[in-house]
Amino acid sequence: MLVEELLFKPKHGLVDQSLHSRMGVETTNGDGFGLGWYGQGGGPGVYHGVAPAWGDDNLRELASHIESPMFLAHVRATTGTAIQQTNCHPFRHGKWLFVHNGVVQGFDLMRRELMLAVAPELFANVKGSTDSEVLFHLALTFGLERDPVGALELAIGLVEATAVKHGIENAIQASLGVTDGERMWAFRYSTEHKSRTLFVSAEADAVHALYPENENLRRFRDEDRIVVSEPLADLEGVWHEIPESTVLIVQPGADEQRPFRPHYEGAIANGSPVGSSSPSL
Amino acid sequence: MLVEELLFKPKHGLVDQSLHSRMGVETTNGDGFGLGWYGQGGGPGVYHGVAPAWGDDNLRELASHIESPMFLAHVRATTGTAIQQTNCHPFRHGKWLFVHNGVVQGFDLMRRELMLAVAPELFANVKGSTDSEVLFHLALTFGLERDPVGALELAIGLVEATAVKHGIENAIQASLGVTDGERMWAFRYSTEHKSRTLFVSAEADAVHALYPENENLRRFRDEDRIVVSEPLADLEGVWHEIPESTVLIVQPGADEQRPFRPHYEGAIANGSPVGSSSPSL
Amino acid sequence: MLVEELLFKPKHGLVDQSLHSRMGVETTNGDGFGLGWYGQGGGPGVYHGVAPAWGDDNLRELASHIESPMFLAHVRATTGTAIQQTNCHPFRHGKWLFVHNGVVQGFDLMRRELMLAVAPELFANVKGSTDSEVLFHLALTFGLERDPVGALELAIGLVEATAVKHGIENAIQASLGVTDGERMWAFRYSTEHKSRTLFVSAEADAVHALYPENENLRRFRDEDRIVVSEPLADLEGVWHEIPESTVLIVQPGADEQRPFRPHYEGAIANGSPVGSSSPSL
Amino acid sequence: MLVEELLFKPKHGLVDQSLHSRMGVETTNGDGFGLGWYGQGGGPGVYHGVAPAWGDDNLRELASHIESPMFLAHVRATTGTAIQQTNCHPFRHGKWLFVHNGVVQGFDLMRRELMLAVAPELFANVKGSTDSEVLFHLALTFGLERDPVGALELAIGLVEATAVKHGIENAIQASLGVTDGERMWAFRYSTEHKSRTLFVSAEADAVHALYPENENLRRFRDEDRIVVSEPLADLEGVWHEIPESTVLIVQPGADEQRPFRPHYEGAIANGSPVGSSSPSL
């Protein structure tokens, strides 16, 4: 599928959302954007821009000339960190891509401790200054490549435990997308259990049955899934909300939905996570 | 006065308007911005950026380190032309600066004819692709430097006459700011006589009398005037709306307000304006 | 072939040339770049950047994730016009792409006349301010899509005739690349007949015979051709210089090489080319 | 003095050096630039650009419209870190500015340790990913604001000691400029004692005596000093080389020149500098 089918063509596609989001915390997401895709060449490609998505001619070109069975896109509204390519999602490590819609509260206070908890051999890979990139590298530290759900439960658990120590409330808002090109994990979570919206499209045959006349939906195939912060168009029955504190795993065959329960029992000492709960250290 | 006093500090200052305008046709003005000022060095300085004003660190730096008795600032919402510095206002010619909030309808259809009407010796100075820059060079062609009001009456009159020929309705929306560093001309005009808002601040002593306790307003001096598309803060009595089809001339001594009546009686032939109504050709 | 095979991997690939050209008039070509390719999606895709090619992470990503049987790339050293995407090559019209390495002397003096000679219906497509984009639109005006060689002979002929009128010597330097995705026309020409270098790679079997051990050259196939301003690597016998005042047509089957003889016999009056030599007007 | 007098007007001014440096390790310094100055408004202003200095219209505008008795400018050739504003010099802390021409070898290997040695309360101020910004924050940690020479001796000493631990040779090349707006410290140092060039202009009366006819030099006043990596013009007697391993202090009254001897005796343990040699911890 050409990337533009989802980014540009739908009425409330991501590029429209960059200009006026209807459900987001920020109505304008004009502080850069990113696209990561699997296609030609080795591993995922990544395109990061610092201009608003709505005005970037190159994004429009790429979206209409790149086909991909799996891609992640992100529009950014900064919570204070610099508008620069190294702060744009998706972040990449090997064949993995990661996007984060949300925020770590009080990140400036915790940045040093959280970066120290990143595996030393990964430290130099943190190129930007966002909370999201540090969260990704914490998850990599805790074994994202072996067990994405377990690793993110520890990574977010560590953020929450560190926040408690600092007296920071509601530590994290985290709608997350993670993929290795084969499967995609979509997390909806927040410390306060009032998470930002996250939707997944219904199965293709259900969609076709609901809207037999709709041309756009006809090219939707059996295993296709779209995960979005807000629906791309107002079509009754097409969008299922992912529940609070849940991870959806989109994969070949039946998808899977599980509770997502961050936790961290290790000691937090001298800026280094220790203990049996962090298997990869 | 430091430029930031008007751009960044007021609650609804221009930078806030770039993110969410309350009265503008576009709620987001994130397609670049510009600042022109008179201060150190010869002639006005100009800073043009293609990023949204709200996220440009350099603009913040300049605004807090440049003092100027006269400056123009502009945030842009493109009506289709490229987001590039040569399309950012203010446009400059010698000591003159020009900003335009508005649009020329059907400009693509008329672009060739209007550019041909620009004086040949000015043609190569048109560096960008906006309607606004062409309008400025038409005004220069018609004698802006001698008689700004007369020149803009002819320039806009020519645009309107050309539009009529093409069957284009409501040819122009034009809130304009023009200055030579000494005086400023603020025009509120549209072909349909439903012009975008334009306000001027009251005289300093009136402002002081209305708000004797207000610290921010105290540094406002006798000859200071602020002209804005929408008020910088909600203060009863401080902002006077400039009437429809009117030009306000802010100058040393008493300001002046006059009707603004575009007209064009010259022939429009072979793309070249001719006849006695265009005194500078 | 992945685009990076030619842009990044060769020792003196185009990205290396952006930093230190060995044969170019300018040693640094850091004023933007562009890539146009035929692949997925309809028509050619275009990526334009204003940063130096050597430092653009997105270009590296695209080059390693886009495959194309036909592409054009260009690094720019401005001769004075703005560094902005609309001034970056390749320029595109429908399925056609166009790059120009060279300059039109005295373009500022001739810009108005040359733009007037562009077909009125194409005028609004000229988005930037370069000599190259105007040259492309002149060629389109003269029938580039039917007869590229004939159209460019007229377009360059018109430029030269206009220059003579203005007393401008050595009107044009023009190494040009034009393609419709199937065939590519490579022109080497200059008014003074001292044109910038232009090379084409030898036929694949000749290349393989010369360097039987060279891994990089082995993937080179029968119909593959590379046209470059300067050789990508120092390999004796691999690069043939395209002669002065010549157009090379790279196409399925045998390539073709022809003399290129710009001429313009039409009247140049009122800014409009007229006469039987411009068949498309 | 207008900033352009030094940046743009001299034959080999900094902007010319960005395109072709004659003495630098890199001949092209096109990976961004920065200007920091003391003038209107509180504290120093900073302008950072990611485009090459030679092509940035805004830099030209600012240089011709900002006057300053003290400023620092820098053109960048990245040694691998991202081209982004947060990586551009000068770095700023309160009223202090800092520029670094040079490199920390093996910085990726040491980045974590060196960042841990930054005072925790300063950690979140490190916004970019360069060696230079970390070096500046180490110097701030060691008391730059009280004793610039002592603090940089410790900061560089720590870098060198850390490098020894990692088996990295020739740890640092560091031509440094530091100022608080009143005085400027210019350091020429490298671990291998083969430092990049650094020059200071002679005293004004010596300059005037040498070149009584030179108009440009006449406006040079008694206390004016220019410190540069390479001379701005070829004028015999005007430029004095700052010796190896030396700091020059430009200040009101007589300037001062002292040996510069980095050292670090503290323990390097758990990534934290400890011991009596780091007075500010």
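Think of it as A, B, C and D in the order they're written, each chain with its own count starting at 1.
Everything that follows uses one rule, which is that a contact is a pair of C-beta atoms (placed from the backbone, for glycine too) under 8 Å apart; a residue touches a chain by one contact, two chains touch by 3 or more.
These numbers were taken from a predicted model, which means no experiment stands behind them.
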| item | value |
| --- | --- |
| Co-neighbours of subunit D and subunit C - touch as defined | A, B |
| Chain pair with the higher count of C-beta pairs in contact (B-D, B-C) | B-D |
| Rounded Å distance, subunit B centre to subunit D centre (Cα mean) | 41 |
| Multi-chain contact residues (two or more partners), subunit B | 57, 82, 85 |
| Overall pattern in which the protein chains touch one another (line/ring/star/complete/other) | complete |
| Complex contact set, residues of subunit A against subunit B | 19-20, 27-28, 30-31, 50-52, 55, 57, 78, 82-83 |
| Subunit D - residues contacting subunit B, complex | 2, 4, 37, 39-42, 45-49, 57-58, 61-62, 64-67, 85 |
| Touching residues on subunit D, where the partner in the complex is subunit A | 81-82, 84-86, 108-109, 111-112, 115-116, 120, 123-124, 127-129, 270-271 |
